Structure formats: structure tokens, C-alpha cells
Amino acid sequence: MSTATTPGLGADHLAHVAESATPAVHRGGEERHGIRRALGVLVRIALCLVFGLPLVFMFVSSFKPDLQIFSDLGNIKAFLPVGDISFENYSGVFGRVPFAQFMMNSVIITVVTVVLGIVVNSMAAFALARIGFKGGGIVLGVILATLIVPFETLALPLLWWSNKLPFLGPDGFTEGWLDTYQVQIIPFIANAFSIFLFYQYFDSIPKELDEAAKVDGAGWFRIYRSIVMPLSGPAVATVAILTFLPMWNQYLWPLMAVQSEELRPVMVGIDYFKQLNTSWGQIMAYASIITAPVLVLFVAFQRAFINSIASSGVKG
Amino acid sequence: MKLTSTTTRVAVGLLAVALPLSMAACTKGGSSSSSGGAGGGELTMWTHNAGNKGELAAITQIVNDYNKSQSKYKVKIQAFPQDSYNQSVVAAAASKKLPCILDIDGPNVPNWAWAGYLAPLEGLDGTLSKFLPSVLGKYDGKTYSYGYYDVALVMVTRKTILDKYGIRVPTVDQPWTKDEFTAALKKLKASGDFQNPLDIATSFTGEWWPYAYSPMLQSFGGDLINRNDYKSAEGALNGPKAVEWAKWFRGLVTDGLVPLKSGADPAKDFINGKTAILYNGTWTAVDTRKAFGKDTLFLPPPDLGNGPKIGGGSWQWGISQNCSDQAGALDYMKFAAQDKYVASVARDTNNIPATDAAAAEVKGYEQGGENQLFLEYAKKFAVLRPVTPGYPFIATEFTKTAQDILNGADPKQALDQAVKNIDANQKSNGYFQ
Amino acid sequence: MTTITVAEDASAVTTRKSVPPKGSRSSTTTALLMLLPAAVLLITFLLVPIGLTFGLAFTNARLISPRPAEFVGVDNFVRLFDDETFWKSLRNTIIFAAVIVPVQSACALGLALLVNVKMRGVNFFRTVYFLPVVTSMVVVSMLWLFMYQKNGLINQVLLKFGIAGPDWLGDPKTALIAIILMSAWQAMGFHMVIWLSGLQTIPGDLYEAAELDGAGTWQKFRYVTWPGLRQTRTFILITITISAFALFTQVNIMTQGGPLDSTSTLVLMAVRTGFQQQQTGYASAISLAFFVLVLAVTLVQRYYTRDKDVA
């Protein structure tokens, strides 16, 4: 952020600056030593195997019959699509699980949480970072302190409590949130970590912008919407991704809070395959198809993805 | 923890402010949350069969037949995957959201009955008297549940293997003795042909441990709790017989006869030839027969001193106390207890039919059929897991203790600790009186 | 060094009543209004359950029971401190955190340095190293369960190098190490990216200046890179520590805390006690002890990192 910034350029520009900073780092030294360079490439490729092979195993196994998965376990064949290759596991998966329904539920739950999460958390962070008020520091401290609480330890009290909550929906007032979409969404909208990330980012945007806008008569809400948010692309992306992953992977909570099959998300579907005669090929196939959308998204938006996560660490 | 109504009202008020969010997306579930089943004679039913096509289809057939047979009630099925069913149901029970009809793993029935979640099955005594005793869930003199089938634990192996190493094929009347069993395993190990002479499927989790390994303890003469008054485990779980069992159990591992941690799927290891003898439920019969045909043997477990024992009791059906239409639920339960349904569910799950009349209809269980011996094992060797509301706790304690013993914990110390914990739990619950 | 231009936007903003200065009553009202949705949600879904946990920890509440919960004072804590599994879980949790925090952050930094260069395919490497992060922990745990088998992939690879691998998850001596390794593998890509961002904030001319002074690779790292990453370090330290203490999913799927409690953790113990053993009150006491522990550790960390800020 060392150059002039206009609200219009915003995120793209920032990402650009970050990227162009990269090459300068090692330019000179690396090119002089051919051998060292080759060695470096080898190390990187070896690491690729370490990080990539388990997933290759998953994808490859999804095309094999169970017995072959087990007999291939001890050798290189585990990673190769050889032997009795077919789509049988996949057709098995679609026969066992209402896949389209689960997928749709996960998309709804994830997208709504991500969108509302961005709005709610960024507003809170804006209030704390840029408007400020007496006691704001304490509020921020309390929010940060809740970061240490793992969800698993709160699941039971939250379950009991969600069952008492009223809800205003199209059916009028209803009591108890269990077995609904909202019980899978609303508890996860406000997120201490998201507020923290927005707070950091907002804090790093020059305050002079607010002053200039005020001179022009803008209100706080307008500053938030028209100046600070458009400048915060990387923070928005970071929060979106960090909300997306755990929401997509929700497992324990829907098990407890949702009973209707029509409302279950994808991760719960894994359990459909753990029968007394577990069909491992189908588990691998199912794991593959629920991981694939995330991977495809990730590869497609690879650059934005990594740059935006990267921005969360800029200011420690 | 009771929150005052003021606090609740404040919370409601705050929520009302925060939640006029886009609720269009959230409406879908709203209507289906009334699980009591009051509206229009609809009875909700939960089952653990999601993903298990055979059993789910058989249950669905019964429900369809029932719905067609009368017009007063309509049963609606909600299927859950078995692996997480107990978690889902316990969560629902804790929040008073149980459906009218549901299936339950047998040993948990007393706990549920005691807690007031289950209603007794009234007026079915005549029908249920024909069922195997091990498939009925009883507590305090009342019957709360019945199952369509039972499962037997067997030692699966191949005749060619036993013949090759000169091992006697045991029978119901003459099972292997402990010494004979050990000698056979040592012979298999010495041959070096097998990675595992015996595989007892230690990689299975949850209820498998008490289901599969407490019968071994009982075959030694120990037990999970004193069954005269169900108050204490003292002497039963930590007496000399139990310690003997623990030492033997650990010995299987230290002598290299059993792998400490089985593979992810022990049945596959058996079929792939890595394992000589597999200790498992009769549910493996289909796959192993497919692999080895008539060569496959399903042997009774060995007599470790007190006769062979296997676990009894599998999934059972009951009705919940908070069902708004008990009469309707009972009506369904009566309808569903017909022999033809016992037969169809047992057939589609490859399990042991709960009544003799049904057994006669299921291929393999007829007189002289290849599965007849499973029924025989169930009748002769089955021991119910302790009929006490404390069972879920006992089960987790036993699982942990057995795991620790297998991994080398001091047997006496580990068992004493388990007894201490179980007794404390029984006591803190007023012995479930 | 920062120049600001808001010309574009200024023309778009219509002149209206000017914003009151920071700290004024009307500003405070706006701030509170903007904070309200998050505050209501956090109170409802985080603070209330935490409060319930506090309350329940002093009762004998059960998940399934016809008996009403009774206040039992500190009985649950007396029992907890006398419970061997608690101390083992506490020890494992601390060991896990103590090992994984430095190991994972160091390895992630190594990865970041490897991909923070201009070369062909660096994007590809970055993507591959990041793959485990986008894969669900449930799926990852099941994959590694296969690989850790006695005759599984890992031991077969080791055998090629003449090493007889242990029964990773079956041996109390190696089970926790195995869990640490796979956890680090899964999360490393995430922290690599955060390090990467830190690296990119270090101005290139600092390296050039160091080179002019004749600094080697190590010296550049020691005197330019390392000091330049101070803030990133703090961030990584705190996020890894918090997630390390919360260890649950992989242990629950892979070992259930065994063998011999060698992989039991506090969160696992709380969930097992609360769900399977139905002892809600006791489980709340475990959770409460856990909160206190993590809060203490985090405060200590903050104290030390803040101390350096001053210096």
C-alpha cells in the first residue's frame, strides 16, 4: 500500500502490488547456481508428492472395487488407475444418497452464511475499527477471547438452547430451531475470527479517507459502504473463504440438530457408506465428489484465493 | 439451568431485531419439524437404515403395506445413517424431539425406558411370545421393543485351511476348548502363511467392543456387572475370572496371534488371504461365501471355560412416550410384527429371523438350510448385554478398559478402575430405581 | 509515504449533513447499531452456551435422565482432578500444541520460502501444497487411517529405505506423533500462505541493500527476512496454538483417544463424557477447565508478544 490508492481501484490494485513484490526477493542468487536450482526443483516436486499423493489415492481408489483397494494398499498401484477400473462406485453413490439434495443444502447453507457473515462481521468490525466508542476496546477483547472456545465443547448447550428459541418465519412464530435450515446457518454468521480479520484490515486503511468523505458530507454508513468496503476486497475474500471451508465441512452439528433427510448437508452423507459391510470404494467416490467442487473452485480462483488468504496475515 | 422468562423475552426481542434476514431460504424445514406426529394422523418413524438399501427397502415395504391397509394413520419414514444414528437420536431425545416410532440398538432400551422416552408395548404379549427372547427389549417387567432379527457372532474360516493344518472342525455340541483354540492359532502362526492367524476386528468402534468381546469375558465366567441386582460390577468385572480373561485377551496380541489394530476392513483382509480366522458377525456371510463358496465355515466361538457365548440383541423397534397418538403407533407395531415381515426384513438383511415361522420362510434358515446353524448359535449361546439403564455407561467403560488391556495396561488395575467408575455411576443415579 | 486521492468518490458523494466527530453521541449510536447484529448473534450462540456450560459444570445434569439436575458444588472438579484420563489428556493436549506450533510454523515457512520465487510452475506447487487445506478433515482422517496401517502406504515407503515402520496408530509411543504429522500435513498449506503474505510485505530493496553489503542467503534470512516477519509470526503463533488446543476431529475418527489414552485430548474427553457417557455436568466441568487453560496460555502468549512490541 505504498502507492496512491483510489477507492475505484481497490482490491485488484492491492493484489497487484503484492504480486509484483514477489520476484524481487530472490532474483540474483538463485540463477547463478544451476545445480542448486535443479535440487530446489527436486525438493519442490518431492513435496508435491507428499501433499498430493493422499488425494490421488482417494481419487484413484474411487474407481476400484473394494477388494482391489485393499490388495493395492501396500504398493505403488494404490496411486495408479490400474486393474478393474469402473464408475461402479459412483453409480452406487447416487443410488444410496440423495446427492443432489445434499449438495443443494450445502450450497444454500454455505452461501447464505458466507454472505450474511461478510455483512454482519464487517459492520461490527467497522464500528470497532473506524467509528470507535467508549468501551470498544473491551468489546473487541471479549470477542477475541471467544476465539479460544472450540465448537465441540458448546454443541450440547447450544443444542438445548436452540430448541428453546423462537423463530419468525412464514408460518408465524414457531418455537424451537431444530431440524431447519436456520439452525445450520444463523449460529455461524457472527464469527469472532472474521471480525478480527476485518478489524485488522479496516485499521490499516488510512483514516484520512474518512475525513475527506466527511468533509463531503458522507455519513458513517455511507463511508462503510462506498469507501471502506470497496477497498477491502482481499479481506472480504479471506473471510468468504475462511467461512466457506468450515461451513462446507459441517459434520457434528447437523448430525445433532437436523433430523430430516431433506435438510442434511453433504458431509453427513459420508456416514451412509459406513455400514457393517463398509464399501470403501463408495466412500472414496463420495469423498471425491464432495471435495471436487471445492478443488475446482480453488484451482479456478487459485490466485485470488491464495492472495486473499495471504492478506489475512499481513498485519499480525 | 433454567433461564428466567425475562431473560428469554429479552433474547427474543433482540433476535426479532436481528433476524428479519432473508428467511425465504430457511422455510423449508419449518414445517417438517413437528415430529410428534399429531397432525392428520401422521406418524413419524425413524430408522438407522439410510444407505443400507436392503433393510430400508424391507422396512419401507412394511410401511407401505400398513398405509394401504387402513386410512386412519399414515406412517412417514425418516432414515438416518447408522454410524451416527445414536448421536442423532440422543440429541433429539435430549431436546424432546423424538418421533412416534423408532428403532434402537437393543442394549440401550432399558436406559431409554427408564428415562421415560419409550412407552411400553401394550397388548402385544401373545404375538411377541413367539419371538426369540434376545430380540425383545424388556425393562422392569414390561416389553418396550421388538426386533425382526438377531445376529450371531462366528469364527469365519475356510475348510481347506483347517484341513491343511490338521485343525479339527468344531461343532455346536463340541466347540473348541480354550487350549485347542490356542494350539490351532499357534499352528497357523508357525506356518507363516498368514499375516493374522486370527483377526477379531479391533478396528471396529462403538458398540462392537462390548458386543463382541464381553461374550469372551462371559465365556471365562466373568461379566460386565452382577446380574442379581445390577447394582455393582465388583467381583464380576474384576474378579479372578475377569482377570484371567484380560490376561488371555492381551496374550493373543503378545503371542502374535491377533493384530493389535486390525485393518480398516477386517473382512477384506480375510478374503484377500491375509487372515486365517475372522471373528465377526453373520453379516459377513454374504461376502465371504461369494469369495469362497462352500469352503467357507462359520464356526461357533470357543468355549473358554464357561461354554461358548455370543452377544444377543440387535436393532429393535419401539414407540416414544411423547408420541401424541400412542394408539396409532401401537396399531402400526402390531401390524408390523407379522411373521411375513419378520421374514422379509431378515431375508433382506441376511440376518437371523426372530420367529420360527419366519425362519421357515427365509432361504437358508429352513430345516437343514445353510444358515440354520446361525439360529442355533443364537438360541444356544446368546447372552443379553446387562439389562440396566446404566448400560450405555458400562459399554463405554468396558470399551475403554478392553482397549487399554489389549494395549498392555495392567489387567487387574484397569478392571478395578472400570469397576470403580461403573459403581460410581450406578450410585450417582440412585441405582436407577 | 502514503498519498491519498479521493477525487473520484468525492464527486459522487452528495453534500449532506457532515458526520459528527468520533466519540460524539451520534457516532456512538451509529457504532452500536452497526455492532448490534453481530453482538446479538454472538451473545445468543456463543456467550449463552458458554454461560450454560459454566452453570452446568456445578451440577450433576445428565443428557438422558428422569432425575432433575442438582447443584453439586465443586464435586465435578474434585472428580476431574482425580481422573487419570484428564491428566493424560491434558498432557497430550500440551505436548501436541508444544510440538505442532514450532514444527508446523517452521515447515510452513520453509514451504513459503520455496514458493516465494519467480520460476516456472511455482503456481502449480503452491496449489498442490495448499490442496490438503481445502479437503475436509473427516475425509483426510479416513485417508490417513489407511496410510497408517501396519502394512499401509507409509510403512511400505519406509521399507523401500530399509526402515521397518511401527504400527503407527496402534502403538502408544507413536500414535500421538502420527496424529501430529497428519495434522501438520493438513494445515501447513494454510500457514504457508500466511507466511507468504508476510514475505511479500518485506520491501525488495532491503534484500538488494543486504546483497550490496555482501550478505549470503542465511544472513539475508537472519537479518532481513526474519525481523520483517515479526507481525506474521505473532499471528501464526496465536492461530496455530488455538487450533492445536482444539484438537478433536482427527483423533475422534482415527484413534478415539487410544491406545492407552496416548492420543486422548481435553476436547475429545469432553465430547465422549457428554455424549456417549451422557454426563452433561461432568463434561461441562471438563470444558470449563479447558477454557481456563487455553485462556491462560493465550494471555501468556499475548503478554510475551506485546512485550516485544514495546522493545
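Chains: A, B and C, in written order; residue numbering restarts at 1 for each.
Rule of thumb we're sticking to: contacts are C-beta pairs under 8 Å (C-beta built on N, C-alpha and C of every residue); 3 or more make two chains touch, one makes a residue touch a chain.
The model shown is predicted, which means the values in this text are computed figures rather than measured ones.
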{"item": "Farthest chain (mean CA position) relative to subunit A", "value": "B"}
{"item": "Of A-B and A-C, whichever chain pair has more C-beta contact pairs", "value": "A-C"}
{"item": "Distance from the mean Cα position of subunit B to that of subunit A, given in whole angstrom", "value": "38"}
{"item": "Approximate Å spacing (C-alpha centroids) for the pair subunit A, subunit C", "value": "15"}
{"item": "Subunit B residues counted as touching two or more neighbouring chains", "value": "11, 15, 87, 94, 263-264"}
{"item": "Touching two or more other chains - residues of subunit C", "value": "37, 41, 44, 48, 52, 56, 63, 146, 149, 151, 275"}
{"item": "Overlap residues in subunit A, where contacts from two or more other chains coincide", "value": "156, 160, 165, 186"}
{"item": "Subunit B residues touching subunit C - in the complex, by the definition given at the top", "value": "1, 11, 14-15, 17-18, 87, 90, 93-94, 111-112, 114-117, 195, 205, 259-261, 263-264, 392-393, 396, 400, 403-404, 406-409, 417, 425, 428-430"}
{"item": "Contact set on subunit C toward subunit B in their complex", "value": "36-37, 40-41, 43-44, 48, 52, 55-56, 59-67, 69, 84, 145-146, 149-151, 167, 169-172, 256, 258-261, 272, 275-279"}
{"item": "Residues of subunit A defined as touching subunit C within the complex", "value": "1-8, 18-19, 21-30, 40-41, 43-44, 47-48, 50-52, 54-55, 57-58, 73-75, 78, 120-121, 123-124, 126-128, 131-134, 136, 139, 143, 145-150, 152-158, 160-161, 165, 186-190, 192, 195, 206, 208-210, 212-224, 226-227, 245, 248-249, 251, 267, 270, 283, 287, 290-291, 294-295, 298-299, 302-303, 305-307, 309-316"}
{"item": "Subunit A-touching residues of subunit B, taken from the complex the two chains share", "value": "3, 8, 11-12, 15-16, 19-23, 25-33, 35, 46, 50-53, 78-84, 87-88, 91-92, 94-97, 263-265, 267-269, 271-272, 281, 283-284, 286-287"}
{"item": "Parts of subunit A lying in touch with subunit B, wherever the complex brings them together", "value": "66-67, 70-71, 95-97, 108, 112, 116, 156, 159-160, 163-171, 174, 176, 178-182, 185-186, 255-263, 268-269, 271-278, 280"}
